[in-house]
Structures are given as structure tokens and as C-alpha cells.
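So that you can tell them apart, the chains are marked A, B and C in the order they are listed, and the count of residues begins at 1 in each.
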Amino acid sequence: MEKITPRSLIDFGDLAYSEANEIFDLAEKIKKSPADYSSVCRGKIMATLFYEPSTRTQLSFQSAMMRLGGTVIGFSDPNNSSVAKGESLRDTVKIIAGYSDITVIRSPLEGVAYAASLYSKVPIINAGDGSHLHPTQTLTDLMTIRELKGTFTGLKIGLCGDLLNGRTVHSLLRALCGIGKNKYYLISTDELKIPEYIRQTLIESGSEVYELNTIEECISELDILYMTRIQRERFKSYEQYEKQAGIYILDSAKLNAAKSDLIILHPLPKVDEIEYTVDDDSRAKYFLQAENGMYVRMALVSKLLEYDKQPIKCEYPLPSERFCANPRCVTNHERYLPEKIVVKNSVRCCAYCEHTI
Amino acid sequence: MEKITPRSLIDFGDLAYSEANEIFDLAEKIKKSPADYSSVCRGKIMATLFYEPSTRTQLSFQSAMMRLGGTVIGFSDPNNSSVAKGESLRDTVKIIAGYSDITVIRSPLEGVAYAASLYSKVPIINAGDGSHLHPTQTLTDLMTIRELKGTFTGLKIGLCGDLLNGRTVHSLLRALCGIGKNKYYLISTDELKIPEYIRQTLIESGSEVYELNTIEECISELDILYMTRIQRERFKSYEQYEKQAGIYILDSAKLNAAKSDLIILHPLPKVDEIEYTVDDDSRAKYFLQAENGMYVRMALVSKLLEYDKQPIKCEYPLPSERFCANPRCVTNHERYLPEKIVVKNSVRCCAYCEHTI
Amino acid sequence: MEKITPRSLIDFGDLAYSEANEIFDLAEKIKKSPADYSSVCRGKIMATLFYEPSTRTQLSFQSAMMRLGGTVIGFSDPNNSSVAKGESLRDTVKIIAGYSDITVIRSPLEGVAYAASLYSKVPIINAGDGSHLHPTQTLTDLMTIRELKGTFTGLKIGLCGDLLNGRTVHSLLRALCGIGKNKYYLISTDELKIPEYIRQTLIESGSEVYELNTIEECISELDILYMTRIQRERFKSYEQYEKQAGIYILDSAKLNAAKSDLIILHPLPKVDEIEYTVDDDSRAKYFLQAENGMYVRMALVSKLLEYDKQPIKCEYPLPSERFCANPRCVTNHERYLPEKIVVKNSVRCCAYCEHTI
């Protein structure tokens, strides 16, 4: 992804490793002494623009801003009036930048946060764009791994569930690849295996990769087990979803074979993939992980607000024709967005949604 | 109802009489000098989880927290995304407890706030669970009676409207019974008479009970007249509702026969059961009552936040089969909730919704 | 419109010219040094009652209050529960006045803010009532004209789009007429020409009025060009809307003929009436205008909160029959509202919605 000047966080990969570590360091300090940071954002306003509702993420950001002494405005209704009246994302973003100091965007289309960052004079945080990226989830996951394991390398990490569509899985794996080598145990049905380009990225990073169909085959090896929900909303039909749902259940019986220092993570919400009794197992760390999400967002917001606002260059030529084939890419909804290409593994991709051109 | 350690308010009956009086004393102090309390909750966050919208109650809690210098996060949409994705109440409550210092819950199912209190490390306030309880309304009603009458006993109290389903009526009567004796004039149609078990409770408490069909028969006697709305939403069919709606109208003509120091209360919102001219009668106290609702919630929140957080024991065996027949009981929606029974008047009842087992 | 004691802002015409100028002066001071005003409303609460969603306006008010150090409660859902339960506007307003220090109301019916001001002990700000008034938009427009042109008179002002229904256009013209003379170039299709009574008002104020069908005919003359959106929601049928939409597009080609110090305004949101390249033209001032909206609301809220609260006289006789024929007038929905007539240009009009009686 094309590097954005570090005013916004669109993709975890926007951050240099040192910048990410600064955020983790700050998040840990805040977690130890939250009261010391309760005025950092006094007088500042965060705007949360949620074009797709997500209770968890929105409450996490709101809480983070308030714990820093700031306030929050925003909307979370896909049918909000300005959109219904036909206002462009570009105009919305420009105007909201006049009402706030930092803007958080969540949308069902891919590339929206990136598009917004082209027009906003305040920092943009990507709170999730379609099935593409969710960088603050990755920050949350990494902060938790660092806190509980003290390292990002030399680990045996199992990931289970929908590895084909799961953006938190993709984002976590790409982030870890950028840091060092691990052994990865990818547990899924054949239909929901990790995309080939990510598998390649893992291998090229020097990591070992095992693709498995069951949790039992590998759980005794693992240092970390990252469970994911089979997301109804990522499937085209309910039948396709039903075939995949409920196949992987982590229960106490399976955990009998696991190491005593295994940590179990899940980006939440969970449905049936983790049995309730596991919640009370000391190895279950997903509620701690959710709480860390608030602290890491506090640290991120603090850091982004330290940067001076950068002027925006708005002279973009309108594209003469569509350049991205992904129907869920923002460029096929906001037709004024300029064509931007990135080269990834020698392949030309749309800079907004990263689909192949 | 099983006593909760006084970190949460699920049922008005959770409070000892002395604790309730402390809350009324504090509410009156706050009402006199609100500015003195404007920093009590600085830096604290209230989460309002409204699974059923209720504008009045939500604004009252939000205003209360802000007047104390605190902030508010939350949702009020029954279709909020985490629920739509299948997240359990238990998980939601645990996660929200990481983002807030106190949680207020409103739901259309009975027993939800009680269920939440089993899993939350922050205090839970029940803002209304189905047709079961609404303890902060009772606090509001009692504070107003105390303010205007100076006592809870020896009064002649008329209650009018839907006495069968009206939870505020049930809660108020149960609370008064726990304090002392009054004379009760229960005005309703035959179909909407007070449930027998409550009538029994009134009599056993030593109070006199008169069941009447008209306001006129008793209004000249009353010290207090508590009017209620016939709630469309509590009826199975519109026809049943129509038969009952509009029968009781309190108007200026009827008030001609009333004492000059009668006080007229109503939990609001009102529809047609009180004629508009009555709003301007000095005996109409329902707007004062609504305003008291904010002060009493300020006092309650202050008090609950004084208590140290108590550790939650989460080791509950899953029930092997359904134990409660009430389809609106939370235990028939959140199937992991443990079976809990209370004995009420020698009858075994579900601890969540208080229906007979 | 009948003068309201200056506790509320229902119509821009409620303000004397000196009062309006005080607001502009204060808004400019706040814009220069926002930090100096960041505690003006500490401890104060604004309630935003939006019976009709309007993301822009609501975020603008929220941001304004927060930048003053205050907080915000409210709703923005037309299906909010109290309304659904049948509560009157009068009761809602009285109760909200107990929870807030100032109330902002937006509604699809005309006359609602005026009706609310009859019953509220806190100031009411009209954030838009149906197709009637939107006084804070007028304050925003005038502040921007003053900032960029230094005067309200002797200007050549073009207004383009739906001049028949456009309430911001009507309000701006009426305000300017009250101050002095300008030359007005009214650009619209024949179907959407300015209402005759406003054209009369312009002429009687000594201004010159030209009614034109194209932008090109006059753009080289203009000091100000005020573009408006053809609003789908103001038309009875989609076919009628389609006939009018898209006729006027302001583009770079047309701007070649314009003065270098022309200023282009638009109340936003915009759809297709301004080509995207115009956004980057230095004469485009609508984003500045939107930002000014926040500052002028900050100034307005400050001023209104300086006034002592005035007691409300609530003794209104109920009207015996309907007196206003406008189906969208609040008096035909809240049937208890008293009949109030104003005389405008010797014509008797409903005081709420200003339709002819």
C-alpha cells in the first residue's frame, strides 16, 4: 500500500516497526496508570463516521477518546441523512474535518478510509473497510501478544476459522511477517483456506506453514491459538454459510492437550466457536484482548494528534473510466476518486482495495 | 429476589430502607446545590445498553451522568450489530465492563439486568426489564412522595389504569409495603385489576385495600393519585388494547372534588389519561417527578460508584434443560444462564423474572 | 413572526440587527481564538431533539457545544419511543427542559420550534422546521458574507436552484431585505421561481430584482453566487423532481466569465449542481461557510445562555377547531396548540408556519 504521511492509519503496514512499538509502549503505560492520561485530549473532538454499524468498535473508540479527556460526535446509521441526500464521501470528510480533530471511519465498502485520507485535513483512522483492513484490531492483537509472550517471533501460532475472508487474520499475518519468523498452523476447511498470496507471503518471510483441517492435530504444539467467527455477512448465500458454520468448536476437552501457557485469542464477537466453559480457563485471553483494544486506541489517538496537520493537495484528475473491477471498491461508488495503483509482489493492484487490476 | 451485593440495582427491594433513604437524602442535596456535585464523576464513563429504545429513560440517565461531570457511551438500537452477529449478553456485558465504570441496561426481556449482574465487574443498573421491574422509577416516585408529603405511611393513595401489567405500580406498591401501612384505592376495569399476589402482599402488610371501577368514587379522599398509561405494547392484540384505552381520564371536573393538597403523579409518557388543563393545576406534580428522576439517578450513580468493585465468580454449571416457562424470560434466550430459584410467599419462582416455576 | 422574548431563536427575524451583529462579532472572536471559549459552557447540557435526521446540522451543533466545553444529549430517530408511545411535543419539551440548559429542535413539520418555545423554560433553537425556517443557516450565510465582503448592501447576488421551496434562500433574502438594498439575480426554471410574496418583499425594500433562466446570463456581474440543491424530498413525486434536477450545473467553464473576487456559497449538502473541479477554485467558499456554521452556533448558544430563564405562561385555551389549512403545520398534529395569527403584508397568517389563513 502506498505510504501515507503518518497522519492517518489506514493499514497497519503504514507504521514503521519502531512507530508500532512506540504505540505499544504508550498503551502499556496508559494501562498501568490511566489517570495520568485523562487530560491528554481535553478539548479535542473525535468524529466517528460509521457507515456500517459496529457496536463493539464504536464503543471502544468512544471510550478511548473519553478516557483521554476528549469528546465524541458522529453517526452510526447507514441511512444517515447526508448520504441519503447524495452527498459525496469527499464533501462529508471535508466538512467533518472542520468539526473535529480526528476522524474514525468504518464502512462496508473497501478503500473508503484511504479515499477519505486524500481529502481530510485531520487524521483518519480506518475502523474497518469491508473485508479489506482493520488495523486497530491488528494493533490490539499484537499488543496482547507482546504483553503475554514478550515477543513476536519464534512462536507457534494456530489460526482457525474463516481464513479465506477473515481480514483480522490476514492483517495479523502480514504484520507478523514484516517482523520475523514463526511457525503457523492454519486450521480451516478446504473451502476457507488462506488466500494463496498470503500463504506465499508467509513462506517468503521464512516462516513455516502447516495447513490443517482440525484443531486436535496441532493444539498441543501451540503457543497461541487465534480463533475466528465464521462471519455470516461475508458469504453470498445462507446455504454456503451453513456449510461452514459450527465446524470448529474449541472446548475444554480439546484444551486438555494444550500447553499450560497457551493463550487463546479471538477478535470478538464470538458465537459458538468457543464453548462457554473455556471463558473461565486461565488461558482464555480474549476479554483481556478486548480491553487492550481500548488502551491501544488511546495510544494511537494520542500519537496521531501529536503530528502537525498536513496540507492536502486536492488537484486530482478525474478518471476517464473505471479502473477497478471490485464492485465493493469505493472507487466504483465515489466516481471522482483518482486512479491509484500499487505494485504488490509484481502484481498491479488498486491502491484503495488491493484487488488485482 | 435474591439479594445482590450492593454493587448493582436490579430490584428496588435490593436496597435496605436505610440505603434508600441515603439515596433520597443525597438526591435532595444535589437538587438544592447541583453545582456542588458537578465533578463527582469526572473521568468516569457510564455505558447505556438499551436493547429496547426508551428516549425518556435514556436521556434521564445521560443527563444525570453528565451533571455529575461524567460521560456516556452506549447504544439504543435493538438491531445493534453485536447482537445481530449472535453475541451473548454475557460477552457483551464483560466487554462493556472493560470500557465503562457503570452500566445501565434496558431490555424487552425479563431478567436481563439480573443476568448481566452475574457477569459484570462494574455495577449494573436495571433501567427496565420487560414488564418486570423498573427500580429507578420507584426511587423517583418515592423521592417525590417524600418531598411533597414528608412520609411513606398513613397516606390515602389512589392508583389508576393498567394495574395488571403496570410494572411501576407493582414496584411502588411492593416498596411501600416494605415500609408501612397506607390505604390503597385501586382504580381499574375488571380486566386490568391488580394481580392477586400483590393484593395479598398489600393486605399482609396491614394496609387497607379498596378495588374500584371509577376515579370519582374516591378522589375526594386521596392524598396521592398515581395515574398510569394503558400501554399498547403490553397487550397481545390491538382490539384488547382498544377496549381498555381511554376509559379513565383525569380532568378538571373530577379534580373539583379533590383535596387542595392532593398530589397527582404519573410515570410518563402520558397520552390521553390526563386532560391538558390539569397540567396547569398546582396539584399536578408529574413534571417535578420527571425532574426528580434525574436527581435520584445522580444520587444512585454516586452511591454505586463508591463501592469497591467486587470480583465475579463465573463458575456456573450450564442448566440441562429449561427451567422457566416464561417465553420472555432472558433464560430462554441466553441458554447458558444458570438455574436460580427464589421462594416468594412459599412459591418457587424464577430468580430472573419472578414467574412461578 | 410574533416576537419571542430573546431566549429562543425560532426565526432569524427574531433578532434585532444589533443582536445579529453581536453574534457575528462573537463568532469571529471565537474563530480567531477558539481556546479562549473552551470553558464558556462547562457544566451545561444541550439537548438535540431531531424528529427528522440531519447529520450535518446535528454534528455542527454537537461540535459547537463541545468546543464550548459543554455536553450533548438527544435523539435523532423519527421513531423514537416517546413519540411512538403518543407523547405530546409539549410534554417532551417540558421534560427535556428539566434535563438540559438549551434545546435544539429539528422537525419535518412546520411550526414545531415555535410551538416548543411556548412550553419550554430553556431556550429553543430552531434547527429547521419542514420547508419553513432554518435561522442558523441564515446566520451562517450572513457571517460568511460579512467575513468575505465586509458588507450586506450594495452587492450583486445571484441565487440559483429551487427558489420556490428553498427555505435557506427565502430566509437569506428576507434577512438581507431587513438590512438594505442589493441587486438580486434569481436564476431558476419557470416552475421553481421565487414565491411572489418574497419577490414583493425584495422590491419593497428598494432592491432590484432580475429573474433569469440561466447562470451564464449574469455570472460576470455577480459578487456572490448562492447555489442550492434541488431537494428530492420537497417534491410530491419523483417525476416532478426529475424534471428539475440537474438543469443547473456550475462548472469551471462558466466560472471563466466570473469576477476574480466572486464568492460561491452553498448550504450543503451538494449533489451535482457544482462540478468537482470548482471545489478547488479559490472562489469556492462553501466549506469555509460550513465551518463558520459551527462558530456562529457557538456564538448563538453562548448568547442565549446569558439570558435569565423566563417564566412560561401556560394558560392557553384549546382551539375549538382547526385554524390552519397546511397539513404539515404542527397545529394539525398537536391539537392542543392555541390559535395564533400574525399579519404579514396585510395578510393574516398562521404564526407557526406562516401559511395564509
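We take it that contacts are C-beta pairs under 8 Å (C-beta built on N, C-alpha and C of every residue); 3 or more make two chains touch, one makes a residue touch a chain.
Since the structure is predicted, the reported quantities are computational estimates derived from the model, not experimental observations.
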Rotation, 0 to 180 degrees and nearest 5, that superposes chain A on copy chain C via CA atoms: 120
Copy pair chain A, chain B: interface residue numbering same or different (half cut): different
Centre distance in Å when chain A and chain B are each reduced to the mean of their C-alpha atoms: 41
Junction residues of chain C - those touching two or more other chains: 71
Chain A to chain C touching residues, read off their complex: 43, 45, 47, 71, 73-75, 77, 79-83, 85-87, 90-92, 94-96, 98-100, 314-315, 318, 336
Chain C contact footprint on chain B (complex, rising order): 35, 38, 52-56, 59-60, 62-63, 66-67, 69, 71, 229, 231-233, 268-272, 276, 279-280, 287, 290-291, 294
